[in-house]
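Structure, as structure tokens:
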Amino acid sequence: MTLQTTSAERVRTSFDKQGMLRAIGATLTDVRPGSVTIELRPGPSNRQQHGYVHAGAVSAIADTAAGYAAQTLMPEGRTVLTTEFKINLLAPAVGDRLVATGEVIKAGRTLTVAQSKVYALSGENQRLIALLSATLIAVDHVED
Amino acid sequence: MTLQTTSAERVRTSFDKQGMLRAIGATLTDVRPGSVTIELRPGPSNRQQHGYVHAGAVSAIADTAAGYAAQTLMPEGRTVLTTEFKINLLAPAVGDRLVATGEVIKAGRTLTVAQSKVYALSGENQRLIALLSATLIAVDHVED
Amino acid sequence: MTLQTTSAERVRTSFDKQGMLRAIGATLTDVRPGSVTIELRPGPSNRQQHGYVHAGAVSAIADTAAGYAAQTLMPEGRTVLTTEFKINLLAPAVGDRLVATGEVIKAGRTLTVAQSKVYALSGENQRLIALLSATLIAVDHVED
Amino acid sequence: MTLQTTSAERVRTSFDKQGMLRAIGATLTDVRPGSVTIELRPGPSNRQQHGYVHAGAVSAIADTAAGYAAQTLMPEGRTVLTTEFKINLLAPAVGDRLVATGEVIKAGRTLTVAQSKVYALSGENQRLIALLSATLIAVDHVED
């Protein structure tokens, strides 16, 4: 309990330092061991030329959710960096809000693999719009 | 010549509508047939918690460079959407500026594959920090 | 029912023509709408230099399971080709047998995205060893 | 010279233990520091149902070329394992022979990123049919 709370607190503190996520309007909505959810409201600061949310913004919330999901399982003093990710964009990113949930698939001492799904919610409807898989590497704490 | 200019103009006009790229501080610096370059100056609106440029921002400029590189080879009335991309993040994204160049690897009627390389420039030094491969699908012009 | 049976039969007939899968010792063990399972017994024809199953063999069964999962949802006269896939290799591929199950994530007229998980089974234990995501393109039937 | 020869010899010795590559008919044709080439002749043991070379076989030679390219830069007693790769299949794999060349993009102590291009050669013509990017992790020598 205490450990999980501490881990969640570390994630929340870290998230608040994410200048880009703030710039594009993302918020952290759920943190559990091995699973993190981030939301985004479509708006001017995250759109591409057709009015959809930019693939880079969809990737940013999906990658960040995957990374923090990995982070929740790290011991204190260790943090993670994304070494690679792949994202399949399944449908145009339109809706009232986008919800990205990252889940750890395989936790390792050096490498962790996590997966994120991004849904677009519009009224009662939700639609899967993106699927991401990422490799994270654990490193000693970087001062932030 | 005329065709290329027209294609480059279409890319420039489209880029100006990219709310997210403006929000994170990206600029379009070069457009040629099959090759497009986008730059980003590290700053508060594109950083993650450690002060590096966010993987989502690196991905956004790399994916956009790849997409516009594909766009330059499209006939008028056709545009492209990213269906998937994968990015390897090779080194922390720090420097005076990041330069992403996308190049078309294989142009097709339906699918185009493009690749982007992102360099971090610091004074005289440049370092490859990311490698992206993307699949773009051609669609009829979306009103924008 | 009839349609599903027909679709499963088409998959089974197609699988029997797969020279490479036969060469490396893979068998088709389950075909359902949107989901296909392929198994492989580790042996000399699918090993790499350390005695593990080769990443190419793991990829072959994972990609084929994803492709046939997409194929089951295609109308008659349409088939699919893999345009890209990404695989995360999570643990060394050792065990009594490997089981790859592909599932359709998003079916589309032109593009289908599918995902495969590969487990290594040893006695009572099973371990997730690979995660693959693939994009398949529908094409008119290719004579085979 | 001596070091390179030794490294090339280690790659050749290792390649000879690759049961799967032998089963599908692949041969090692060139080994240089940071670059390795593998060839495959299309035939019954590497075909899929339409008569093309199986995506799994294309992946196997591309991934192996990338892995050995990384291996050439490893100190003695260290070997590499593929942790993930992504491959874009650009055109049907048909021709007299397929040639996969892997090149190291970024060598690191723990992780190396390499890229492979696969060409299909038919008479005088050559065509790029696949592009792969892979992450390799260095591990202490595994007995083989």
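A few remarks follow.
Labels A, B, C and D are assigned to the chains in the order they are written; within every chain, residues are numbered from 1.
The working rule: a contact is a pair of C-beta atoms (placed from the backbone, for glycine too) under 8 Å apart; a residue touches a chain by one contact, two chains touch by 3 or more.
Predicted model, so just to flag it, every value in this text is computed and none were measured.
Interface comparison, C-D versus A-C: the pair with the greater number of contacting C-beta pairs is C-D.
With every chain reduced to the mean of its CA atoms, the largest distance from subunit B is reached by C. Chain centres here are Cα averages; for subunit C and subunit D they lie 22 Å apart. Annotation: 29 Å between the Cα-based centres of subunit A and subunit C. Shared interface positions of subunit A, i.e. residues touching 2 or more other chains, are given as 83-84, 86, 88, 113, 135. Of all the residues in subunit B, the ones that touch subunit D in their complex are 86, 88, 90-91, 105-106, 113, 115, 128, 131, 133, 135.
Subunit A meets subunit D in the complex at residues 83-84, 86, 110-111, 113, 135, 137.
Here subunit C touches subunit D in the complex through residues 14-15, 17-21, 23-24, 43-51, 53-57, 59-61, 63-64, 79, 81-89, 92, 142-144, going by the rule given at the top.
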